[in-house]
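Read through the structures below before going on.
Shared between the two complexes below is subunit A, which has subunit B as its partner in the first and subunit C in the second.
This part shows the complex of A and B:
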């Protein structure tokens, strides 16, 4: 009697990271709500562009006013506008689904028991949230550039900066990309904190409510002159820095400072998420 | 958990202001030497960021949001001679001033207008014939009403600086306590101006560089081309002060308690003052008083305006004279 053939030795004890990430991203992107949300985000710059054209130059103040006849301002204006609440909402939604949603459905248990380290699980969930942030911001930026050039037009395909200088298309696109990257950085901070809350609770709504409520509270605190000393700690206090990309020469101080602050929030949120997930019972 | 703590500590560190280090050690200098070296200083091209911390208590003016209490920053570039550029960002708009050597361009992004005016002729910098003698003269003149001293050193915008302090003599009746000018030890240019009023330890006004770099500047900074879509207005030189019949203001007193009495502006551009200020009256008549941290103004009902860095009583005396 011959012994049964030995099973081949296992070379990998865990699933490859690439496959995990692809599975998570597919999982996030196949949710109809994610797709509907991204579709609505693409409409933001179009709606602003139509509004600016209909108002026809009487623009008003701020970045929206600066968009009139100066289409390449549109992507920056749209991203700045969306960063106040809409983009954080998208990120919070993705983060709420990522852990709290799976807990609520009872599907997280399977993931906790699967041959995937907890750290890798958190990384996988975080990258799903990050992909939503990148896609939503990128969509606003790309549609913004197109709508700015096609619907608003003006300024001979160039960008008139807030400083009164004119810069070419290539340079202007570089600046839009810079604002997009900076926005994604801020959203990563929001996402990290949202994931930490998501790991704490099993109700996705709590994540949404705490992130949006937190942002509103930050906004209120930032508006009270007597609480000026809080400004350096509030994530939202640097969120107007995106407009700096429209100045010439380009001042990087505001965006640099808010990116460092976002990094602080991201490390706090990420650390808490990992700590909570490592201790979690399956 | 450790990472979360590290992040929190990082956030805390971010909030700590890039603080004033220890006062730098510099060779001693007298006030005369310092002022004389400032008069002859030639810093050459530079760029920097200027921060204004204003606690004067003035009302906000629509034309000049920087006048109201608060901080504002400006970025400046200079070629060391006649050309320069200043940008004044406010929120999501910006004003830019460019002097290209012959023309001064002023750009306002809020309404996309460019104002173009020829640069005033005449000597831009008039070097004193003998700076040492001139400085001695200046100090002598100042010492009649003030104490002038070099009071230690400070670090401003990361550079070592001498602190020149002007304080009113005890006989001066003024709201000001002290004016401090930080002078760069190497380049001998003023880096910071601090105005301190009586009864407050916080400066009423602080205007200074938060960052300053000497060295050649990009010449394209000192040119300006109106962007497409902008409205360009031309303004002739000296249109404002060429009004005939403008009465010269009267000056009462000297030194720190100088009071200037002038005709209050009239016409369409005059600000509406009736609803502001505190009603006051005296032997000079009736009027309205405006007080700020560093000065007082009285606008009388008969159209005079008296201003000085003085308490109300001194204004009243000057108006009665």
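This part shows the complex of A and C:
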């Protein structure tokens, strides 16, 4: 065996942040469950589109019914639908793997010993979760637009809003992008809270269960009229605001308010994650 | 902060506090690679480590011995800054841990509590991920460093397979490779031979020897006494969270060495002859005659017995194995 070469005189005490972030994203995207999940998300708009075609314009009420003959509605409806449960679940899964999962595999220890500073580690993990949120939402939006145009039809570049007016294709795409960005914002809030829970436990399942349980409890609380005073504080209470993008003129109040609420959750969740990670034993 | 103001490392620790943790560790010669003072760790009502003072001398291979649950891993975790001591201080390459651990950790390789890797990634991919986090590797050096480490632990052929399918021994080898990604000044190996076949155990022994020759300090915990005896220059024996013995292996064994053991069918005649010649001789539990050191030298004693016509089967130096020492240290204490 050749003896180990002499250590070169180096001064770095931490690896470059860009390299760490790239490695984290690579790790997230190499994970088979991430890929399967993203594939399933791409199917959501397709399934809705097929359903609409099969129903053949016989219609129905609500967002899905309005999809008939209107490509604009499909991506927005798919995102709104997925936001109720599937997208938060995906984000919670990424957050669960990010810290609790790494602890369970013993890999978090390796990162801390490298060393990756604990603050950097939180940044790395948050980026990984954010990438999942962006990719999942983006996939639904893009596939939704394509499916809407191909299957349901573009109606000569004119899209009918729920208010009955028509808007151009560019305007419509802008609105879909707006809803996508808003959805990612909501997911960032879920992800921050999920990361905090992830930093608290070494069992990934606890993170999933907590987020799902939390969403259901929020839903129930939001449905009880006597507890109306809670509405401004429940993350889920603004989650129907995405459909506002289909109205004309575009009302931004709902999305703005829920974005502020999401920001609050993200700050609290992020702060908690940092506080927990700084003290965590590994 | 440090309760031992006469220690040379105090100056190092003090100056580090003022500097950003970027300069490579510049511990003065003779300062230990790792040390703990008054270290104590309590989990709930369990005292895992109780007031341990220990130096790991630079350049040594220190074997940490102890029965299961004696606090070896907890002590190692405190040294590496993975867990905060309830009381006491720890230092790594002259830097206080965990507060300035970032300055020392790039030069420290560790395999603690078994190998930790992702099952869905190949061994090579896992190692690459570990390498991206190593501060001392530039992006361009990573692939070569990964291959070298794989080769060093004999895992090159299996590197492309998923970690999920690795045997226990291969997992352990990969863990070892991660600790060796960068030339280290201190390598901490917690039970490195767990699950390894005899060839793997030999490889670990070879790697430890290589590290030692290269000037690195090695801290290895094990319950395989033969391994420690074969590879270590120093030992520390833990029992129920306390340090019951520490020091150079040869000295510890020597301190326990006394006399010459003579196996003879003629016990009474032998004792009479020896005592008559001024030697301290007594019977040990196995019916052999033991001649204590300090009297006539061994060749003279043997010649004496032969001249006196005492029949002898064997005469040898009494030299306890580490195993006996360990058994005495860890079984007698409550």
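Some points to look at:
As a working rule, the second predicted complex is superposed on the first by the 269 of 282 C-alpha atoms of A that agree within 3 Å, B and C clash if a C-alpha of one lies under 4 Å from a C-alpha of the other, contacts with A are read in each partner's own complex, and residues count from 1 in each chain.
In this text, a residue touches a chain if its C-beta (ideal position, glycine included) is under 8 Å from a C-beta of that chain, and two chains touch if they have at least 3 such contacts.
Only a predicted model underlies this, so the values are computations on that prediction, with no experimental measurement involved.
Of the two partner chains placed by superposition, only subunit C is touched by A:281; subunit B is not. By the touch criterion defined above, A:125 lies against neither subunit B nor subunit C after alignment on the C-alpha atoms of chain A. Legend: residue contacts after superposition of the two complexes on their common chain; A:232 is shown touching subunit B, with no touch to subunit C. In the superposed model, A:117 makes contact with subunit C only, not with subunit B. Of the two partner chains placed around the shared chain by superposition, subunit C is the only one that A:109 touches, whereas subunit B remains out of contact. Looking at the shared chain after the overlay, A:27 reaches subunit C, while subunit B stays out of its contact range.
In the superposed pair of complexes, A:261 makes contact with subunit B only, with no contact to subunit C. If you check the complex, the residues on subunit A that touch subunit C are 1, 3-16, 19-20, 22-23, 26-27, 30-32, 105-117, 281-282. Interface residues of subunit B facing subunit A in the complex, by the touch rule stated above, are 1-8, 10-12, 14-15, 75, 87, 89, 91-94, 96, 105, 107, 109-110, 112, 114, 221, 224-230. Residues 21-24, 77, 80-84, 101-103, 105-108, 110, 112-121, 125, 129-130, 132-137, 139, 152, 178, 180, 182-185, 206, 210-211, 213-214, 216 of subunit C are the ones that touch subunit A when the two sit in their complex.
Of all the residues in subunit A, the ones that touch subunit B in their complex are 61-63, 65-66, 69-70, 154-156, 158, 160, 162-166, 232-233, 240, 243-244, 247, 249, 251, 257, 260-261, 263-272, 274-275.
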